[in-house]
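See the structures that follow.
Below, subunit A partners subunit B and then partners subunit C, in two separate complexes.
Up next is the complex of A and B:
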């Protein structure tokens, strides 16, 4: 097995482990910390995908900027949806 | 057909090669082709088929609405008719309509490339579309769905009967076709532009498809995930949207419209690109404010992602969020207005040739303005409370999608018909059809504004008798509109076999696509074109020249 394939495989195992962690945490009595923990794990998963599967670790500024723009775009969805959810009564 | 065609025909060197239509005669040579032009034809045939199915559903709706009583269809049957109409027209006609046919055919020609960047992905996207389409046909044959095209939860995820999961699967799969197309266009525009084809020399058709592609790539995955969540809730009872399971039904509307409002721009942006080409060619004039029109496309694509909450003003969304979305929705009208002003300014003092494509383009402008301005009305919180979920909304979006996109589609069909088929269409018939479509459209859809303003809710087939006159006018208009759409099918079909042979550049237009033969050979150009002028540098000295010296 080449190093590249082994690296991808390890990243994939990491993703599955984090998924198991998400599912496991959902059953623990964490209260308000539960969503925070879930978002933290989700961010870690996204980082693994960006860094290893999308090969951003080998890329220069422009591709990283483009990927970053994707995050800004996603934040539009999250922030404006939260603007509704948090101000409902 | 035109003044330009009266000149002695100039023959480009590509005319010596067999055209893309004659590059192979077997079914296999079509079904396994990687030529962007042939794939465009494959798409044209398949979206026309789905347009027909969607139109049959519309005909059922208009027939039912002739009388105030629900006498043709049952309640459930009516729900299924408008759901099938919406799902097919949105995802199997409007979304792929202009990008996958004219975009596919023209983008490589316009930028001086041999093909798209990923020809096999292009073919794959058509096969994905076909698979999704077959599943949709299964949905139609198995009795359909009653959720509407919007699949609102918890109706779709809990209560609806019918083949909801299959319908969701079809839309989900068709999304991959959109994503591949968007990806292909973006890479093509970045990487395959001919020498001298700078960003400032890109035809506005290409700019608008570039903007569309950004939406394809960014928005479609959100729809895919949202629909998967609906299926998960329906099949496995995983609570996401159903309040009884701890979910939030408004979350569905947020996610759905985060895709579906930008999807409206997927449907209209390519049409805006078509109109820019039609207007400049007919006016023989440089576009007024090139960069404003180009960046207006990008601005529409970007701001279009910030406005989705205007679909939720009366759904229980917070007033605070509604106020924000109302403001942002008004803002997105600015770049559209810029385009309209710039088109009219382009026509001003132009050397105008009142040909059929221009008639379609001017019809488009009028209908697009009417649809756009009523959109502004709907973006106002107070007005929306009054007309939300009424025929006013139905009229508004049909003005944009049918009056706008479908009219532009027919305009494009006439303008590029000589390039695509190598034949000239009969001009008098074409002008007549443009007028019939314009009149038929308005008779069909203008009454819906009045009905909506008076309070007729959408998605009902039983209505008070006082609404019948307007409903009957609308149904008669639909008949006229159908005739207007069938007329071009007849005379374009005739011209395919009997029409005069088209020269390379029948319009005397500046675009690179007009410097190769009609129809073009397999790889478009014999030699790599080198671009030496802007996209609309009129007047041109020689119809086949790439410079104006």
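Up next is the complex of A and C:
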């Protein structure tokens, strides 16, 4: 098995482990931290997919910037929307 | 996309390949914004009505959602292995990995269809005669659920067709740069990433 294939398999094992972790955490009494933990794990999974499966690890700055642009603008949308709803009344 | 010689306006194939990938990544960024609106809506709903949101989400089947997450993650692995196969010159391997990714994608859609059927029977499908909701918030949640998962399922279907096309394309399978297969795989991985975030938004949110 080549190093490249082994690397992909390891990333997949990491993804499945994170899936098991996030489902397990959902049943623990974490209160308000629960959604935060779930989205933190989702972000970690997305990072694994972007870095290993989408091969951003091999890319230069420009493709990385292009891949990140959507997430950056989306975070602006989400942060400002949350700021509005959280600061009402 | 898979030709050996550079096409206008590119002087060399390296540059052309880079442009191909960059174009795909920019397109995927626009896809993120397309789904982003739905995520912003669910977030606003959850912030304003945390209890009702959880109650509405608890009607979804977590086991099926979890199974589908595992299926999609595994299909992403298959797509990544197909790229690796084409790059190392093992075209048959690449074709098989693409076929496996397509099969897993189809399995995902089958589970989704089974889920939809169950939700229809429970009267949770908006716009159907049997639909009955406990309140406007559950109605709104199910609207967003079908919008998000329906749009996502359409992307899964598109991805399957793209991967099938690549699996049947001899030029693409023998391309050591894996330009076509690489770009199709990029699309498939983004469909996977969207689901990675839909999972906590819809399914995990229903666990009390």
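Assume the second predicted complex is superposed on the first by the 73 of 89 C-alpha atoms of A that agree within 3 Å, B and C clash if a C-alpha of one lies under 4 Å from a C-alpha of the other, contacts with A are read in each partner's own complex, and residues count from 1 in each chain.
The rule is short, and it goes like this: a contact is a pair of C-beta atoms (placed from the backbone, for glycine too) under 8 Å apart; a residue touches a chain by one contact, two chains touch by 3 or more.
Every value quoted in this text rests on a predicted model; they were computed, and no experiment measured them.
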{"item": "Partner chain(s) touched by A:67 [first = subunit B, second = subunit C, both, neither]", "value": "second"}
{"item": "Which of subunit B and subunit C A:87 touches, first, second, both or neither", "value": "first"}
{"item": "Which of subunit B and subunit C A:77 touches, first, second, both or neither", "value": "both"}
{"item": "Partner touching more residues of subunit A, whether subunit B or subunit C", "value": "C"}
{"item": "Residues of subunit A at both interfaces, subunit B in one complex, subunit C in the other", "value": "70, 73, 77, 81, 85"}
{"item": "Residue numbers on subunit A that touch subunit C, as the complex places them", "value": "2, 4-5, 8-9, 11-12, 15-16, 19, 22-23, 26-27, 35, 38-39, 41-42, 45-46, 49-50, 52-55, 59, 62-63, 66-67, 69-71, 73-74, 77-78, 81-82, 85-86"}
{"item": "Of subunit A, residues touching subunit B in the complex", "value": "70, 73, 76-77, 80-81, 83-85, 87-89"}
{"item": "Residues of subunit C touching subunit A in the complex", "value": "18, 21-22, 25-26, 28-33, 36-37, 39-40, 43-44, 46-48, 62, 66, 69-70, 73-74, 76-77, 79-81, 83-84, 88, 182, 185-186, 189-190, 192-193, 196-197, 199-200, 204-205, 207"}
{"item": "Parts of subunit B lying in touch with subunit A, wherever the complex brings them together", "value": "218, 222, 248, 250-251, 254-255, 258, 305-306, 308-309, 312, 316-321, 324-325"}
